[in-house]
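In the two assemblies presented below, chain A is common to both, partnered first by chain B and then by chain C.
Our next item is the complex of A and B:
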């Protein structure tokens, strides 16, 4: 018979359940840690057995490989181009959108609004009514940005003529794309399509794009990883706060902007525009994360999420170990602070590809780095610390590039492990803006949202099936 | 409707903080809409769009904060603006001292210098999975939860023992490991007696008996009540016994539990046969045991503690620490003739049944009787002489265990006393960690209000080191007329003596 082995000396106790037991042990000076236990999720028992059987071996090995790739990724901005010339598979009838695949009839208000705006912008329709008819016809195709190496905040609409940033993962050579950020207020990504929105988009084509394009060409490339790492030390989490990132970008651009200047008016307008838009950097931090995560796709057995994205109707997840399959669940309405005149009743469910930042260990996962926006998570800096700390529990590893000063420069939680999400019954938290549920209105608030658990359960069960 | 506004000068708050204040203002009484916002050009447009750009703030500078309130009345608007002032000038709250939340056994374990043991008391259907996680991390497990299947128990115990780990339970309420009392356990000094027990209150009674004889224990392992059954095969009973036989801090071993099945008994006898240390066994019933050199069979839990202390042969006298109380002879009414035991400790109740049989020749009625003929037909309705384990499932659904929550027992005590046929009420009061913080104060009002023509006998299980202060508990109970004892055997014997004398006197 096997024998019991009991080490002498003090006892360290983990208590799962009645908290009175912890209190009793504490009064006796015994080292004890209380688990904040929650009932486990309703997951197929067979899947649990399979995952448990393979976790310590195959899955951990695959995840280690995935994290090695993610941590080695190096995103740089290498240039700009028009979507139709640049994004693989783009064509004039294709509209890319945020989140998992969706058809026109299921699209939420803000996404429909953005599609309407894009069709007017593309001169495919002259009125919103015409645009709606066209969008509902077979002529226009819809596909997720994520399936074309691209990402878009909120509605995430990219149409053929839009200029996009091109980001390269220098380590692995893969590319990613995102449009230029339009700013706040009435903007296409929040579903607004009024004339001022279209006018701004045209200005961005005519002025912003050529100036930015020349400037980036002159610089050769811009190291986004370095900018993000610095921004984290300056109070950004590069999702809901991009003020430092945007400022750092301007510093990099300024000399080249002057060097390549064709006329003072345009250059001044470009600087004014970027200066007036704290979120300009978001459309670089997002594709930076996308480029890094895409390199870690298709690693058999890996339980690491490479995409979290929402289309305003559904929340979608993709895992490294399950190829291009989407796992979806109903998108939730964010717990937010609302602009004057608006309330939760006006809010659209969570929308946008920007959760790629959380997937890449930034955004809500790095909120401890952004004290200026802790009001979104309870109001105290310590609340933000707890949020970030809790995310370590569902991540496979930590970033070696991005650190959080307030956590003694600990690397941000990186590599969402769907097995840990299920085991801990703890879902990712995501910083987000809130769109009005009706097309044409725009942003009504900002806050945090918890990912729904359903896509993670589906992903977990699908990963288990790959072992059968 | 009234719209009112103020301009706040010389103050900067970020927009998120202002949104938060706006949200609080909108929650004020009578307020329809409210906003605190920087008066920038863009924000003015937002205000205009919602009819809040009123004259009072038209002159505000871009760097100034404006507060606009739309309310049902002037008074309510003023009140909201006053709150805005308070909110704007509120000092930022001090850093919340919240410790990090640990969501899993793994993260809890990682947060400690070392994690040796995992104590699990979550609902039964989840408990086995948690226990398995803990074992996989190399931790000993004490599984307090019940309603765990026999097959899960077997699987967990096999897994544990293959790694040299303890798997105490399911339904293990008591253990003292490396001197640390876990869950429902008492403050017992360290010493040289090792215990392995399939019974929680049995372990408490014996370990307190040892402490009250000024001795201590090396380890006290609980195994859960089913370990001695055929399906489990005594895995933990044997493993713990073997550990104590080899443990150089243990000189005397105590083995307690309801009688194991024959196959398990054989394994145990075989092990004890190879023991060089005295082993005191109590299977909670009168039985013949094989003749083995180092084996002594104890007739009661009291006897178990006594024999164990004597077997130490440490040349010190074996005396029970006495708490002196004088009890007057009770004046039990003539029509009262039955005894009612109301227990919180299952093993104590079970022992009382054995002691009753030894004294009166047959088992009394009970809700935990071994044979169906002795079962109470309705657990809520006492009949004749009867003993009720109020820790049984019938009484604990939706309610804490009676060692913690006395309310049901208090009700039952009053009921029994009101039944004109009850002569003696016998109670156990369990002290120690996990138990009610001051049971005597719960019991006193009820006991003091009882008629004086019924006797109350009370066994107080505990040690001088327990957090409830045993002497105070005893004094409080005695002051209400209860006859208090620190030994179950003595309490039961006192109750039986009273009962017999009363019956003799009244024919």
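Our next item is the complex of A and C:
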């Protein structure tokens, strides 16, 4: 990914970007070289001087502290509750969404669709048209999940009546939240709001939630760190591949589901539902990362990213050393592998809080543990290793809990250091699904995509200002 | 494993044997080189001439046919039954055992222990002393599992009343059988026969068997090929690591367990039992391989091994081209990693039918899919790759169903060709557990061990004779 291997004098194609495309060209017999050329970064010179002055002392010290906290974090699932009773600051007129702050008029198609679905689900509107009017009015407020300790995949919509998982960082006591994963197809998080979507959400309230809630209560807690660590040994990176995580979760839940059973039909339906959805574990791996990273917020001088999140319009970053400020840039349309019948023209710009997994050293950063994903998008196992290896260059440290078997059980790259991002001109990769730009169509592709550089430049410059 | 990388003039240690030991020495700072020196093989010259004469024509053609059958095999779990009602030729006085044929007087400690346990379990004896007298009498007959379409791990004892899984090779219609896995600790297959062992076996008859039997009946069948293929993508090689296979099995069983439930206590106990035993899937991966390989028996001229099995005294091989003849040699004491408190002096020679997994392109042959096992015995991920890569040298082909992610989803090495074993002087590796030589102690180690060469020489020479 980061090597210059062009032979002078040879004729071929130079690919600037994803190596998967290099592989594609190679299979077509085209001579090709992967090149690391990047446009020079437009970073304020004064900021560079300030950061360089303080990096080896104040910044590294703060980052060491941040990584100590992140590596010491221990996320456990401790229970469930309704969003309104559970998430701090939640109220009946508030809708939480993925990514940095955004207003209704700027929201992308899938996020608007999910808001419409949520208002129908909340019985605040009976038609999509009514919902749109209500969403555009002052009555409904929108705030980022991240500002309430929550995370949501894709549109990431959480409304007051939705049940959420409660995750605790056992080491530091802070909590995080996420809804239950709906599965694939027509689902709210991809902006669908048809009756089948609302019906499924109600079943999740009436059946899935009470059954899961009783089961978790019976188990006391579920150690998510252990499940994630095992899943990485079993071909998952817990962002785009969660088959092992979901399997291990079912294995842990099943005996307890039985012990707490009230009726066979509901328990069977719950098992069938989770069994039918390999992504069920995503809505636990995400808040697990959130709980761990939130404990490392607000460490003065630290250049470590504690949030990367996209609302489908903008990509936002937060640093430990710059408090609750968001640094944003335009969300990019992924250069992904598109499903048959779809192309980049159909794709919504990058969306979802799921990049919290990359921020936590998982997802694209751990993709060497999940070569099947890279194969799916046209690459091979060595591309998967290269992706992960390149991320060590922009991370301050490595995970002491999460390992990659193919790299001799080396810890995953952990702690995105905005200074290293800028110094190396190398942005984080995110291993993501791609939503159709229109509400309700669903997933149209998947790929290993790059973050835009703009939010990292802004974050870097803002960190520099804290030293003035 | 098979490379000469000694630098002339440098001073160091030359390791002949397992690379894991090279790695050990390296961590101790000793310069070391892995060397492929092997003693010359004492193979009959005339046999070599005959085999060389026919290899490129008759033998390769027969092997192509054998591999076509093996690759086309499709093992599915179709039900359960008691051994006496199910296994062809089973009768109340017959005890099946692992490996090639053996008499009571020649049996090793763990196999004797398991026979004693089986006779107590069958209520044919009430004390170990009574059981020994009975076992030594003419009343009790001993025959290999393999001669009845069955396989058993370690001692591999199957007696008349034991429930067995029934596996069908859907493509060819043949059946295979294995008991339910007992878990670790004091278990019959390691030669234990204490009351707790017998009590567990009775619980497996009275609770596990009927529950599992109903569940499988409800499901119709379980596609073992699909589970094994997925497990290889999830860090298992389905011999010494079966965590993914067991997890995926639980996932498939759980909803059906509920739908067929007669009482909560039994169903919960069954789920807890399987959940507590990561090796549960081994007793399905083994007969899955057996069903596939049995379909490729009796192809004249074929030099492909259809059985490798050890009875703890001898290591036996059967070839497709030489009918039901066993070719045996002394079973070796594994150079394994021993658990604390144990050494090679405590170890029983290699034992069990589980080498059917290697014969079917799994286990040690697929260990590149399960680097955690190699790490456990002191090696690293590249050792795991080397082990698998070396096995391609002695295999006639590759699996079209079972893939190794770290080798870019290359098919596992499949179809051990005795001609290649002899020509390359390279024996199969087996990724195995090690039993204590005394009955009832249990597992004392694990390792990647080599088959003895003697059975392969005998098989090679016997195949040559079929052309005379």
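To be clear about the criterion, the second predicted complex is superposed on the first by the 425 of 468 C-alpha atoms of A that agree within 3 Å, B and C clash if a C-alpha of one lies under 4 Å from a C-alpha of the other, contacts with A are read in each partner's own complex, and residues count from 1 in each chain.
Keep in mind that, in the parts below, a contact is a pair of C-beta atoms (placed from the backbone, for glycine too) under 8 Å apart; a residue touches a chain by one contact, two chains touch by 3 or more.
Please read all numbers here as calculations on a predicted model, not as lab measurements.
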item: First, second, both or neither for A:375, with chain B first and chain C second; value: both
item: A:406 touches, of chain B and chain C: first, second, both or neither?; value: second
item: Of chain C and chain B, partner touching more chain A residues; value: B
item: First, second, both or neither for A:107, with chain B first and chain C second; value: neither
item: Which of chain B and chain C A:292 touches, first, second, both or neither; value: neither
item: Contacts of A:41 with chain B and chain C, given as first, second, both or neither; value: neither
item: Partner chain in contact with A:247 - chain B first, chain C second, else both or neither; value: second
item: Intersection of chain A interface sets (partners chain B, chain C); value: 372, 375, 380-382
item: Contact set on chain A toward chain B in their complex; value: 1-18, 20-21, 24-25, 27-28, 30-31, 33-40, 184-185, 337-341, 372-373, 375-376, 379-383, 386, 389-390, 393, 423-426, 445-446
item: In the complex, chain C residues that touch chain A; value: 230, 233-235, 243-244, 246-248, 250-252, 254-255, 258-259, 261, 264, 267-268, 271-272, 275, 371-372, 375, 380-382, 405-409
item: List of chain B residues in touch with chain A within their complex; value: 14, 16-17, 19-20, 22-23, 33-35, 37, 42, 46-47, 49-50, 52, 68, 92-93, 95-98, 100-105, 107-109, 111-123, 126, 129-130, 134, 139-140, 144-145, 161-166, 177-183, 219, 238-240, 242-243, 433-434, 467
